[in-house]
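Naming follows writing order (A, B, C and D), and every chain is counted from residue 1.
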Amino acid sequence: MRLTKVLVANRGEIAVRVIRACRDVGLRSVAVYSEADRDALHVRLADEAYPIGPAPATQSYLRGDKLIAVARGAGCDAVHPGYGFLSENAGFAEAVAAAGLVFVGPPAAVQRRLGDKIAARRLARDAGVPVVGGTFEPVADLDAARGAAEQIGYPLILKPAGGGGGKGMRIVATAAGLADAWRGATGEAQSALGAPAAFVVEHFVGAARHVEVQFVADDHGAVVPLGERDCSIQRRHQKLIEETPGPSVDETLREGLFDAAVRVARAAGYRNAGTAEFLVAPDGSFTFLEVNTRLQVEHPITELVTGIDLVQLQLRLAAGEPLPFARADVRAHGAAIECRLTAEDPFAGFLPAAGTITVVREASGPGVRLDGALVPGMVVASEYDPLLAKLACWGVDRPAALARMRRALGEMVISGIPTTLPFHRATLGEPDFVAGRYDTGYITAHWPRETVLGEEAAVAAAIVAVLVSRSAASGAPSTTDPAATDPAVPGAWARAGRHEGLR
Amino acid sequence: MRLTKVLVANRGEIAVRVIRACRDVGLRSVAVYSEADRDALHVRLADEAYPIGPAPATQSYLRGDKLIAVARGAGCDAVHPGYGFLSENAGFAEAVAAAGLVFVGPPAAVQRRLGDKIAARRLARDAGVPVVGGTFEPVADLDAARGAAEQIGYPLILKPAGGGGGKGMRIVATAAGLADAWRGATGEAQSALGAPAAFVVEHFVGAARHVEVQFVADDHGAVVPLGERDCSIQRRHQKLIEETPGPSVDETLREGLFDAAVRVARAAGYRNAGTAEFLVAPDGSFTFLEVNTRLQVEHPITELVTGIDLVQLQLRLAAGEPLPFARADVRAHGAAIECRLTAEDPFAGFLPAAGTITVVREASGPGVRLDGALVPGMVVASEYDPLLAKLACWGVDRPAALARMRRALGEMVISGIPTTLPFHRATLGEPDFVAGRYDTGYITAHWPRETVLGEEAAVAAAIVAVLVSRSAASGAPSTTDPAATDPAVPGAWARAGRHEGLR
Amino acid sequence: MRYEVVLGERTMIVELEALGGLLTVDGRAVAVDIREIRAERAWHVLIDGSAHDVTVLSPPRQDPLRLQVGGVEVRGRVSDARTVSARLTAKASGAHTRVELRAPMPGLLKALHVREGDVVDEGTGMATLEAMKMENELRSPARARVVRIAVRAGDKVEGGALLVVLGPIGTAVEPEVGQE
Amino acid sequence: MRYEVVLGERTMIVELEALGGLLTVDGRAVAVDIREIRAERAWHVLIDGSAHDVTVLSPPRQDPLRLQVGGVEVRGRVSDARTVSARLTAKASGAHTRVELRAPMPGLLKALHVREGDVVDEGTGMATLEAMKMENELRSPARARVVRIAVRAGDKVEGGALLVVLGPIGTAVEPEVGQE
């Protein structure tokens, strides 16, 4: 079928990203907005926009019924869920289909097969894909957990079978800690999920890298892996930096990961774009973790090295088109890295920060791509995910991509609220990261880092600090004499402090 | 030799571009600024910056002596001239070398061989490259011109051998017009060049496409063509839109153009990056025009399809490094297009517009690259070239690149002064351009075009016009009630004019 | 209040009702939700869900306005009752010549504040015209003499109807039945 | 005027001379060319050609300042003579306890405006200290009694020297040779 108009059932930078893809392929886009988002960039860039309720997501972006009503009312023929919100909600995918609309993503049945951790583990095991040692049946009580632990060995990790976002997970170092951990995990899971949860007990793999494979599948049975991404720079299971190719991934490992991803996708009857996540141990062995049945935040780096627009492709696949390439046609050129710019204070344990963004200076130039929804004057609401923008850079090789990212981070300005920019700048200059030596423990080991300011930069900063505080004290706008530039040859141009503003 | 610090002997967006490349390869950059440019972005992004004189370029950016003094004073080991200003001034290249500095571009001897049109025509002819029918000796008086015209045939074009920028050129349709044209051309050339000029008489090729070949050459004899660019969308020899691959260039023509460019470059003993310009007739035959011995404004589109950073490469080649690839290694992926955003009013014959830029909203997202020097509050000075920024887009094929350019042009905002944005938006939607059917006569034939505003867009614009003029009349800032968003389901959200600002 | 908006080649009439909040464009009521984005001098306009980002490109107080709407640039000029009347009388600046003040729109002449023969200063209110439920004060464009009053308070007048004629200070009052 | 700037872990002293326009940082004269880029709340600083783009990231009046300098983010706090003195006396708010006012910098005590035993209101000027060619008025942080004056007008005082002691209204004047 041919699509004409797409409801973008999301907000912020991913809504902007989807709207741009719609425009690129000639589809009309329909935005939705909560009361907090009337002025948001996704509303301004869409062809149409409709309100869906109060700021809390439970009353707006998570209201599948309202979203579908808007889609039908506006004459949409497809719904793109972005990521987060309802993107992995099988019930929503089902309701969208029931309303006669195309869901841009895998169908509900696929989401159910992969959304439950136990089901996914079985599916992967049966497909011949290595899975972390652990249970394949729901573990419902402490006795069962104890039995499983004896077989698996310590350290281990308890995970709710149906959860997400790290809620209800517990790492258990020794048998002595199991009972306490079980109580904590089940309590947390119950309050998060609203019902007693079944658990998976898995061996805990420390010092591992988080490597994932992007794949796409069409309605005609083709599944093609597009490349891997190393997403090990995380805190509390939240990724902050991703790159491709993975610095530790050689051709053998890559082929192994690709094959495993394709096997899982085929076994699940996958459709559209998805990501298979793996843990890679220091010895290069890997185990399957889970499949994210949606677009990933870090999709731009795969786009940069392959030249494939994943959101355009999602829209084409959802319309029933076959994949326009085979596995052998896909070639990665160079390297790409992404830094997530979020409204979190890296100097305060990455505490989310709400507030008003006063100034934005966007990085640009060769090899730089910014996917954002940043507008000066915008209010960052505490109701939503703190992701503001994704800065991605490409280079002919990893050092070239990193150099451009350093340059782009240096040019980028977001004023008014704390952001992760200082974390990224520090990390891009940190020797272990630059050498590609990192795993999921990186942030704990390397952050916070001391801020190093050159002598002259410190002098400049001190002078500006004084000028700013003077103007704040006087209440008047600060002034420097705009005519006070001395045009002369080197050696003579700099006269000390002859500026009006310094008096 | 190893470079460490580069004087960027230019301003505006190309200075920013060179500074970014320096940062990417780990070189320190030194900016220079005239009195008009103290606040300019190139000054703010460089590692060091020095004043070089009053606003007029003849007293600042064209003062080779000052530039070299700054370079030496600041401890630079290289000078990048950008384009325009002194980039094709052989005397400057010579002075830079004499000062013990590396000139990032071809040496003075090469510039001299290619800077004079008669010398360049001879060189191309002797290298076996087709040249437009015309004279190979300087034509100094009307009698000689008449004799040449009889051999060449009409229509023909008179060009000063040493000129540039269209000054002193005359197209002559028939023998009856020759005497008048000769008087006009020689007079204009004399006043532009300050001395009687020698002329070239050439056959005039109408309805042709302007296609150029980017090539690079190292100090070790290697010359590699990187791709062609169609630059036919011009007015008065000023390019406004460029794209690659050329929509009319097939594989045979491409190889022919590449071979011709390499032959000319070899014959000239070329070093560093250069561009050979050709006219391509409707029948696919081509003739050599000239070589630009510098970086071109439109270099980003070649970078986008090849993945090669031309400015980084210029710096490496200037340092004596060999080319890191051979001709067979270079592969173009997809298509790219560039629109030059200049401070010129397309509704007033592209009259340059000086003034203050009040608001900038930069296009970004997948496939979009902006090379600019745009800062809100910046003053566009009438002293310099009106080029503000280059917007370049990449796509898997020409339609994909054009679609992204349309999207990017739609997102881009530059307020305060007229720019070429409306011209680009109109052209990217014009059927002949979209079909790739254009030659150097395109703008004359297709511009201005009528502005088509949809019915609802017109209503929206009319309402905003009223609100703006009300607030201007009252002197107070305009107001709309920021709380006046009605969160409701579709069908009920829109209540007529309940906004404070409409009372 | 009623506005005449010239957008490119096209002329549109926008009416904002003072109290009821009704907005009409070319006589058609429009359901509209508007937000100003101050940092960009832009306005986002939703008309029945259809979204239009309108950016004011021209510097403040520049005429004509340059507006960017959905990637299209358009030039606009706005006249309200007062500016239409001011435009008609602009030539009168200094009142060296005879100037006719005409009704910029149909309405009710609520009051006349001057009599024939009066000398008025620049800015003196001469008449109040009620139109589109707004009272519009018609003011003198210059120091001048009222040489003729063609209407009475309470009259309904058509758009373009002659109201008052001004002349240089030394001019005599015009006869009731003149060249008009 | 003299300022104490805390930047991250580091403390720097910036002095701006009132008339001569001399700028010193940690006692070293600095040749500097500064431009404010208002649209970005940024300042561009050239120090002998070395270029530093300094952007103020924190909202107006937020303490500490957050500054971005060459891609590095740093937090800063600025105290001038007045705020240093205010900080020293901040605890005195309401003057329930004994508060010592000390000289924030070396200087000349130009004048004393109070005597021992006086009751002063919040904001009452108590002494004028000339330092860095600026006259700095030292004011009472709260309603309080002057229980001791440790200097005389005309004295040269060192930075940190005790000037005045305040106490609750009911306190007696302290003996000349006390615990200080």
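Here is the rule we go by: a residue touches a chain if its C-beta (ideal position, glycine included) is under 8 Å from a C-beta of that chain, and two chains touch if they have at least 3 such contacts.
The structure presented is a predicted model; accordingly, all values stated were derived computationally and were not measured.
Most remote from subunit A, judged by the distance between CA-atom centroids, is C. C-beta contact counts were set side by side for B-D and A-D; A-D has more. One inter-chain figure worth recording: subunit A and subunit C are separated by 55 Å, centre to centre, where each centre is the mean of the chain's CA atoms.
Averaged C-alpha coordinates give centres for subunit C and subunit D that are 58 Å from one another.
The distance from the centre of subunit A to the centre of subunit D, each centre being the mean of the chain's C-alpha atoms, comes to 47 Å. Counting partner chains per residue, subunit B has residues 38, 45, 50, 74, 406, 410, 485-486, 490, 493 touching two or more of them. For subunit D, residues touching at least two other chains, in rising order: 35, 38-40, 42, 46, 49-50. An unclassified topology is adopted by the chain contact network, corresponding to no line, ring, star or complete arrangement. Chain pairs that touch one another are A-B, A-C, A-D, B-C, B-D. Those residues of subunit C that touch subunit A in the shared complex are 35, 37-40, 42, 44, 46, 49-51, 53. Of all the residues in subunit D, the ones that touch subunit A in their complex are 3, 5, 7-10, 12, 14, 16-19, 21-23, 25, 29-36, 38-43, 45-50, 52, 54-61, 65-78, 80.
Looking at the complex, you find that subunit A touches subunit B at residues 16-17, 20-21, 23-26, 34-35, 38, 45, 50-54, 66, 69-70, 73-74, 300, 303, 307-309, 311, 333-334, 362, 364-372, 395-396, 400, 403-404, 406-407, 410-411, 485-491, 493. The touching residues of subunit A, when paired with subunit C in their complex, are 30-31, 38-39, 43-50, 74, 375-377.
Those residues of subunit B that touch subunit C in the complex are listed here as 347, 355-356, 358-359, 361, 406, 409-410, 413-416, 418, 421-422, 425, 450-454, 456-470, 472-473, 477-480, 482, 484-486, 490, 493-499, 501-503.
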